[in-house]
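Two complexes follow with subunit A in common, the first pairing it with subunit B and the second with subunit C.
Here is the complex of A and B:
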């Protein structure tokens, strides 16, 4: 922690970065995002098993980008990111939303986070994404802290749930999603926390014509949730923030994970893992699986 | 808005399964429809007059025609609308033929579907906006890629029309395959004798800029305004100084290290060479891979003998940029590699024919060189292995072609003719020789072609055997050709002294990557696709890019030449105007909401999407958005569908219009 604070302080004092996006502790098992521009405030920075938020979502915000503009110069932005959050940063770079040269990634050797604030950090309360996580060390970083620790063991219940839903007959599966989507109150928290939902105007806000009914009617609920899933197919890096943000407990990350599994099975593509690999949407390879064409 | 509805019977094509009067009656009840009528042939003159009169009489703002596919008569109906004073884009076509009557047989159901289709089109036309054609300036210069006979013809025709031409050829000389041929069917005139005057004409033409030993690296832009990057490979000879005396070639000590590819590897060439004596330009090239100087830093014999000081070992590849308005692609063909170790991994070889193993089993082009007066044997038919005159030659047709098991299903078209010619040439030169031809069918469609084949059979006594050859092996200095005579129904064995394989024509190396560079589609074999197989055979689907010769499909010389002239005339037609009118069905980005993810750029098959900086009031760039070049956009709609925030609208097919169509269903 001392190293993190020292590093962040130096960055700000040397004028290398305009701001540091990080976490601060608010109670024993809870942190909050914080954007620090004053070197004195860096002492609040923490990194632990309760740093749940994916801070990459802030990188595309216009107000944050404004912070970096000092006179005519564009300063860098430092971000503390878990290795999985780095995937989101990679995806954002690939989608031209941020420039790798303007981002200073402070990352950590990660052994998992809790599934939500207030839970003890152990195998039973491990975040779903951490169970199958393969990147305990970030793929891209400018500074790396934290010691390597063992991730608690836990069983992959989410995968079991996906298999269960997959095995449902067609109508049963439809009923399942209908009941899940019926809970949607269109608060768009899923959209707000998603680093890849950076559009200035979301398709759901388009009114002429109105592709997605905005009332909490079944039609609109289906349209929104299905389009959200499709728009993230091959793009979602699996940070799971939508799931955590959803007040109605719709299992959004199950849908996202299923779509990611499809992308991996069909095209051997996992989003956000490499700056060199072209994005799934918009790239074409003669060896691509063409069975989807009728 | 006042809408006119016109239902066409298309003779009986539509009316036999769709109750056209009923469709017209139902349409009349829809809001906004002022007039609705059905007629036997709406595309006929009386039919069009019906539309025009109705527009005048009922003061119509828009019309919907229920007829055949818009591919057929959209233009007809739009023009009719224009002549009656309506914007052409206020015309919608509902496809009641291909989408309805032709694919259904239940009259009641088909009629209901026709009504639905009409209803959709009526809802769309209500939201249609008048569009005006886009005007783009034209650079009146042509790029011709490939300096074979097709490229030469296209370049000469365009240049003679008064336009500048940049002719790019990847080999050190123009001439292509035709320069390698001995004599040409069906007239038996010497190939080089008729070709070289054309080559000289190209060289001397003031409007033609010849770039040999060069390759197209990049193509940007769009019809009328292409920007082409060309890499000119280093010849290591200063072209301005070289007089073409050939002393360097004569004195080069490297004699037997490199095969002469012009002679189809039947001879060697020095490290510094011109492909053939009549090469245009007559400037040698130094082959770095065999030249002693590049290996050891020593030798320099060519430098010593060159009194013009033209040798330049340090010469580097140079990059040139040309602005052109049209591109004619004439990259030609190559022969399919027959041997098992084929470089074309796509196709299987013919190990059973022993090509590459037996030196006297050769392909058609090698025979051309042997038969050519300028070839390695000075035109005498001799075996490559021992120089003996073969007394019996077996020619095998369709090696590769028409053989699904080897990967090529098409007919290479020229082999029947050139095999007959080669057998004939052989019989003319070796009077006591016997020529056998194994064939599947004789395909001799063409002026004087069938007569030519009959002449080979009847006058020159060439023996045709209908059947495939299963195997060729060597025995006592002879090549035993085992096959079947399917007409006699018995196996045949020929003990030939030499075997000539008429191998399939396949696209030139790098055709597919060039197609991707230019942005034109190609088929599974790598032949470039024409825009329409019958009505637009020399145009690619990319506007301003035309095709000539065997790069599109196997072709003989007259076909290549006529296609080249046609492609040239297409370019000339394009240049007849100073500006270009483009259909206004193009995509446009809403810059306010574009998130700048540039997925549109990645998916655009035409390279129409560019990055545009959006500046604030102080001129400072605050975001990057996509910008669609209207001159390049073909209106395919891929970007529109890909855009996650729906920031792209395709004029004539915008979100609102499509939504209304779906909602009407």
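Here is the complex of A and C:
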């Protein structure tokens, strides 16, 4: 932690960055995001198994970009990111939402995080994405801290659930999603926490014409959740923040993970892993699998 | 909505008999609600009832059963020279909620001011009239609870028609608070035994209560003097503009009216939950937005709860349940924010 604080402090003091986006501890098993511009406040920075938020969501916010403008100069923005959050940053760079040169990535060797605040960190309470995680060391970074430790063992229940849903007869699967989407209250927390839901104006906010009914009835909920799944297909990096944020406990990451599995199977593409390859939706190859077209 | 308090001796009811009453409520075709982890749910089998006073409040409050997240307010048919409006039949089924947390129980009493202010909202009033709240003393509290800072407490009977206090594993002290509660319980009086107020008092007096985190009158004063304070920028930078806080809140009541066409000639007018943290909540047709940035929206949320509602209706628009903070994706804690509404704090966040 000392290294992290020292590094963040130096960045701010030397005027290399305008702000550091990081985590601060609020209770034993809970942290929250903090945006620091004063070097004195860097002492609050932490990194541990309760740094659940994917802070990449802040990088595209106009008000955060404004913080970087100082006396006609545009300074960098430092962000503390878990290796999986770096995937989101990569996806944002690939989609031309942020510039690699304006971001200073402070990352960590990571052995996983808890599934939610307040839980003990162990195999039973490991975040779903950490169970199958292959990037304990970030793929891109400007500063790296922390030792590699062993990730607790846990079984991939989410994958088992996906297989189970896949094997359901069509009508049963429809009933499953109907009952899940019925719980949706349309608070759009899933959209708010998603780093890749960066649209200035979301399709659901468009009223003339009204593509997605704002009513939180069955049709409106289906329209919203399905369009979100489509818009994230081949783009979602699997951070699982939508799942955690949902007050109605809808297993949104099952849908996103299933779509990611499809992208991998059909196009050998995994989002947010490489700055060298183009995005899946933004590239076209004649040899692409066309099984999907009817 | 009769909320007149009545004086009645305290009763004792066994858990088994309480379940018998619940079974009868269900068999008579009424709706029985019980708190769950995410939401309150309709009980079909009484063995699934949650009567645990130490349970964490569900993530979502039960307001949707009185003020649904979406509902039609009228249907319309268009013809060449005419528009025909068709009224909606409001479902008037009796709803019994068993095990309401004291912080939830008072929600309808707080919201009814708004729904009966310049216009009497028949949808809200009809459902509230048929709503019976059986409150249960609360022995849960965590870092987000602050009922004691907004004039309530884990043993508050406010808003309950009947109030339960667990005496031991199998028995509850039952206080009948309102006429509505009395009317509900009278057919079941055979199940009730006479109770001892001293016994339940010993329990309620020893319940652990959250410390008072702030003085709401000081917050009220600070808000009035600090509308333009730059301190709002801190939380404005953090908040991600979803409506989780408003939608899980037991007393947030903003709604939007929108028309849904089925065809060229028919459609319905919907009343849908809306949240003040959404960017387009105050977006005018002209394109002007008086709350164009997040700090102004968060300021509105706090002012509405702790100043404007107090001005207009004399009550704080908050029950201290802490749901908004517990569920906030970026852990914005309203108790922390409001506690810091004073001059010696550098920034609100």
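Quick notes
The definition used in the following text is that the second predicted complex is superposed on the first by the 293 of 294 C-alpha atoms of A that agree within 3 Å, B and C clash if a C-alpha of one lies under 4 Å from a C-alpha of the other, contacts with A are read in each partner's own complex, and residues count from 1 in each chain.
Basically, contacts are C-beta pairs under 8 Å (C-beta built on N, C-alpha and C of every residue); 3 or more make two chains touch, one makes a residue touch a chain.
Model, not experiment: these values are computed from the prediction.
In this superposed model built on subunit A, subunit B and subunit C occupy separate space and fit side by side.
In the superposition on chain A, A:231 makes contact with subunit B only, while subunit C stays out of contact range. Ranking subunit B and subunit C by residues of subunit A touched puts C first.
Using the contact criterion defined above for the overlaid structures, shared-chain residue A:188 touches subunit C, although it does not reach subunit B.
Judged by the touch definition given at the top, the superposed model places A:244 against subunit C, while subunit B stays out of reach.
In the superposed model, A:283 makes contact with subunit B only, not with subunit C. On the chain A superposition, the C-alpha centres give an angle at subunit A of 130° between subunit B and subunit C, rounded to a multiple of 10. Of the two partner chains placed around the shared chain by superposition, neither subunit B nor subunit C is touched by A:157.
Remark: least CA distance from subunit B to subunit C after fitting both complexes onto chain A is 7 Å. Only residues 95-97, 198-203, 206, 208-209, 211, 231, 278-279, 281-283 of subunit A touch subunit B when the two sit together in their complex.
For subunit C in complex with subunit A, the touching residues are 37-39, 59-60, 64, 69-70, 143, 234, 236-238, 240-244, 246-248, 256, 258, 260, 270, 272-273, 275, 278-280, 293-294, 327, 329-333, 349. On subunit B, the positions that touch subunit A within their shared complex are 592-599, 601-603, 624, 642, 644-647, 655-656, 659-660. Those residues of subunit A lying in contact with subunit C across their complex are 26-27, 30-35, 53, 57, 61, 63-64, 67, 117, 183, 185-189, 191-193, 205, 207, 210, 213-217, 220, 241, 244-245, 247-249.
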